[in-house]
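Two complexes, one shared chain (chain A), two partners (chain B, chain C).
Entry: the complex of A and B
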């Protein structure tokens, strides 16, 4: 069994390595390549033609005149050291920008995903408990309706209503302009105020799907013999609901939770753009618009690594949480 | 053995022969072409339709999707005017002027025309994206699951790798690189890595299917691998695949409109997402009088995805052989139970 963990861990590094290679390839795929645009830009800024190559090498850790394999090795080794070069459009080290952006994105994604699951599980289990009732029917309909609303529609509408029309909440940014960036109460309050709308719009649409999933799981569990036996034993309803039903119904959703965390990171590209919330997705989009390849590739890599780690944790812990599942599995070839 | 067991009695009735213990391959010889066609019609058109129609959710879903196809038809046949600037007074509200029922934009473009004329392209994009995602997923999932061994490992490693790449950012980079204007190509690019999660869950389902004794029987009889996959394995996962086709299609709607809204995807004509973008950047956020400019494309998006989801929820019953043979609406749909597997695929 330990062999499985070793292999699984090795695959994480192999995947990260492969994605880093892919990003290297993608830079070269983009129209005009990474250097044409940058060269033109530098020349426009009045950098003498003789120094342009040196500046590019400095910005991207890649010598544009070196053979491709040399460029590849340079790129990979600097990425391995966490050195992503310097952002072209912002003129700052990419690592610095990302370090500033990541906490905001993680905060919004984590809080909204947890809220989404909490509401989904709560509503879903109530629906399953009163299966077939008017409450169940109404909320199944509501869940389907919620599932069909993309989060950016919620975002635009809530921005329109709460921020622009009623002016209750700020329209953009992560904290107020006048607030010092230090750990203090005004800072936290301002950060909270700015994050309400992004979190709200990223949570609402997801509740429907989770509620339906939880409802389905719970109904399945409720039909099991051990639940009937528990009733016959005269256990308290509360104990049956939490220990016997909820636990087993939530179990299959656990992997989904970790995977969703990763997937939802990439959705922030749209979310943070709408709220001008300067997180990872915001910078990724800004970099894309400005042809800022170093920043773009770094954000891409960071999101990918988060996704890979999420899947990895899900895979490793699932067999621990649910002993019925054994890691690995049969592998006979036909 | 679910499907074949239920198919056999029916073939017995149609050819009127005695006990046919040799299996369906010999009995089909005695069936005339007309009978076969009728059976195919009965099995794959009439019965599924009756079952689908008996469920209120599917019925509503079909009606909604049908409505969108109708709109697409209106656009293709040119029954509604083409959108152009200053074709109408600016900022007409909803139903203010019945010539322009959905109102007009800041540049005096008929909103109804904008919505109607982008529908065909969006439907094409959604269909191609859904077909691409489910097609690749079924291929990878069944081959990897059935063959197992090193083939399975390689295919699963590939899909694990593809799954690890974040969808939206990759699509953005590809869209800027290839600049695809063709809606079919655009659908494929948007779902370029959607198949991976789906393929993984199909793979795990096939792992149990391949242990069934009828699959083993086919294998010992020397039936070729592609045939076993097609005849013995794929029918079992069809319900799951159809439900997920609908979810993949919904993902295309959400992602494409979102990216059009951001202005990342190339476009030649204004579609729902681009309209949303113009409304957003054109100041519709600041006044109540332009709210319809934002709302109309939103309603178009939400309507289409409600239709798709309802269809996906009800679709499960159509393919569930136990429900189909009874043709009765007693059994509870299990679509909600399948829902938990969609955690493997991307959700917007």
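Entry: the complex of A and C
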């Protein structure tokens, strides 16, 4: 058993290593190559030609004239130390930019994903209990409609209506410009106010899918003999609803929840762009536009690592919450 | 529809017992508002302390009969008629008249049930012990005393109580789950235990040992048992009295020896002849031609008539009433006397040569 945990943990690092290597390789395959572009940019900025290579080496932790393996080793060892180099477009260390951006993104993604599951599970189980009722039919239709509207459409519309037309909520940013960046009540309120629209638009569309999944799971569980036996044994309806139906219906969605957390981090590229919300996705897009390779590589790495860690946690904890699954063997979540 | 006819024909309870614990009068189950019946106006009585075996093929209404005893017909079925339960103290209740709360108490405390799929009768994410505890709590019973009794029951069933109570259902074998389920059914010391195909999913050896255990339990706790199965030889070993169901009705009720050795209904006799037996030569096995009717096309008159070698015009027109043939033996057939002569039973009529369980439909 402990052997399994060791192997599983080793695999996390192996995967991250592979991703970092791929990032390094892919960057090199980009048209024009990162260094040609960077060199031209530096020259345009008036950096003397003799200093350009030194500047590049400084920015990227890479000496462009060294052999490829040398560059690779330099890059990997600095990444391992948390040094992602310096952002070309912003002129700040990448690690600093990411450290400032990640909390906002994690906040929005975490809250919206939890809300999405909470509403989805609640509505889905109501639908299952009243299967075939008018509510069930109407809400199933609504769920499918919600699922088919992309979140960025919801985002743009809600931004237009609530922020620009009615002026109820701010149009951009993570906190108000006049608020001090410190842990205080005005700061928290302002942060909350700014996050409402991103969270709302990132949650709404997802509720439908989760509700349909929960509905299906619950109907299946409700049809099981053990629910019928539980009723005959005289158990209270509430106990059957929670301990029998909800528990067994939610279990299969647990892995999905952790995976979705990772996946939705990457969805913030569009979301944060719409709301000018300076999180991870916002900087990734900015880096893409500005050909800011160090920043691009770092954001990409962070998002991938988040996904890998999500799967890792799902794998390690699933056996704890579902007694039928024992850790190890072929029951892993991916 | 002939349902009403069936009903009136069968209300005359040919079978009454001295001290019935449950009397079923004209019980009928319909899923389409009375067009068709999956339990077609059945009347029967269950004697206190007996083991009643109910035999019938798949889809003959056996499970509906079992579910009726607890007023537990799966939705959206409707159960009508009377299910009279005679308490120890002499009072009588109609189970169908009980309020929701009374019914909740009645089930498991008075009449309990074991379902066919033990594997699916436990919550997969709860330990066996949790099932026992929550049942005791739901009935406001003393949990520690109840668990003590539960351990005793599990020991009676040759299970290691501590290990079983601390296990999740999937950690137990099918036979262990089945025995644990029987213990769970008896945790509140009910008077009556209804078992719907309790051994269907088990291998022959496990079926055997469960039967023996059930006999011991019945003696020790003075239980009344209703044992429902498609496996005629199996229940023949256990039951005091047997009833045969065909096409949603009871067609014959008699003491075990009488039903096996001297049955009066052509279907029962054909069923006995169709039972596989290792010792009997293969030529002697007789399948019953045709198949039993679906609820939507139960024939008028006797429902077995289309497959019956003795059927006459009378059988096709008039549904035979459930009538007394001998003492303690009732049959729904116009030609019961003829059947005994015309349809010979292929095995010896001695009680000790009841054919061994054939193990069909495993």
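Basically, the second predicted complex is superposed on the first by the 326 of 334 C-alpha atoms of A that agree within 3 Å, B and C clash if a C-alpha of one lies under 4 Å from a C-alpha of the other, contacts with A are read in each partner's own complex, and residues count from 1 in each chain.
Here, a residue touches a chain if its C-beta (ideal position, glycine included) is under 8 Å from a C-beta of that chain, and two chains touch if they have at least 3 such contacts.
Every value quoted in this text rests on a predicted model; they were computed, and no experiment measured them.
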{"item": "Clash-or-fit label for the pair chain B, chain C on chain A", "value": "fit"}
{"item": "Partner chain in contact with A:175 - chain B first, chain C second, else both or neither", "value": "neither"}
{"item": "Contacts of A:273 with chain B and chain C, given as first, second, both or neither", "value": "first"}
{"item": "Partner chain(s) touched by A:197 [first = chain B, second = chain C, both, neither]", "value": "neither"}
{"item": "First (chain B), second (chain C), both or neither touched by A:18", "value": "first"}
{"item": "Touched partner set for A:253, first chain B, second chain C, both or neither", "value": "first"}
{"item": "Chain B versus chain C as contact partner of A:94, first or second or both or neither", "value": "neither"}
{"item": "When both partners are placed on the shared chain, which of chain B and chain C touches more of chain A", "value": "B"}
{"item": "Chain A as apex of chain B and chain C, Cα-centre angle in degrees (nearest 10)", "value": "60"}
{"item": "Minimum distance between Cα atoms of chain B and chain C in the superposition (Å)", "value": "15"}
{"item": "Chain B and chain C contact sites that coincide on chain A, given as residue numbers", "value": "none"}
{"item": "Chain C - residues contacting chain A, complex", "value": "70, 72, 74, 104-105, 107-108, 113, 115, 117, 120-126, 131, 134-135, 138-139, 168, 170, 184"}
{"item": "Chain B contact footprint on chain A (complex, rising order)", "value": "11, 15, 18-19, 22, 26, 29-31, 140, 144-145, 147-153, 156-157, 159-160, 164-165, 205-206, 209, 212-213, 215-217, 219-220, 252-253, 255-257, 259-260, 262-267, 269-270, 273, 284-285, 288, 296, 299-300, 303-304, 307-308, 311, 329-334"}
{"item": "Complex interface listing, chain B residues touching chain A", "value": "57, 146-153, 157, 160-161, 163-170, 172-173, 176-177, 179, 197, 207, 210, 219, 225, 250, 253-254, 257-259, 261-262, 264, 276, 280, 284-286, 288, 291, 294, 298, 301-302, 305-306, 308-310, 313, 334-340, 342-344, 346-348"}
{"item": "Chain A residues touching chain C - in the complex, by the definition given at the top", "value": "224-226, 228-230, 232-236, 239, 243-244, 247-248, 251, 322-324"}
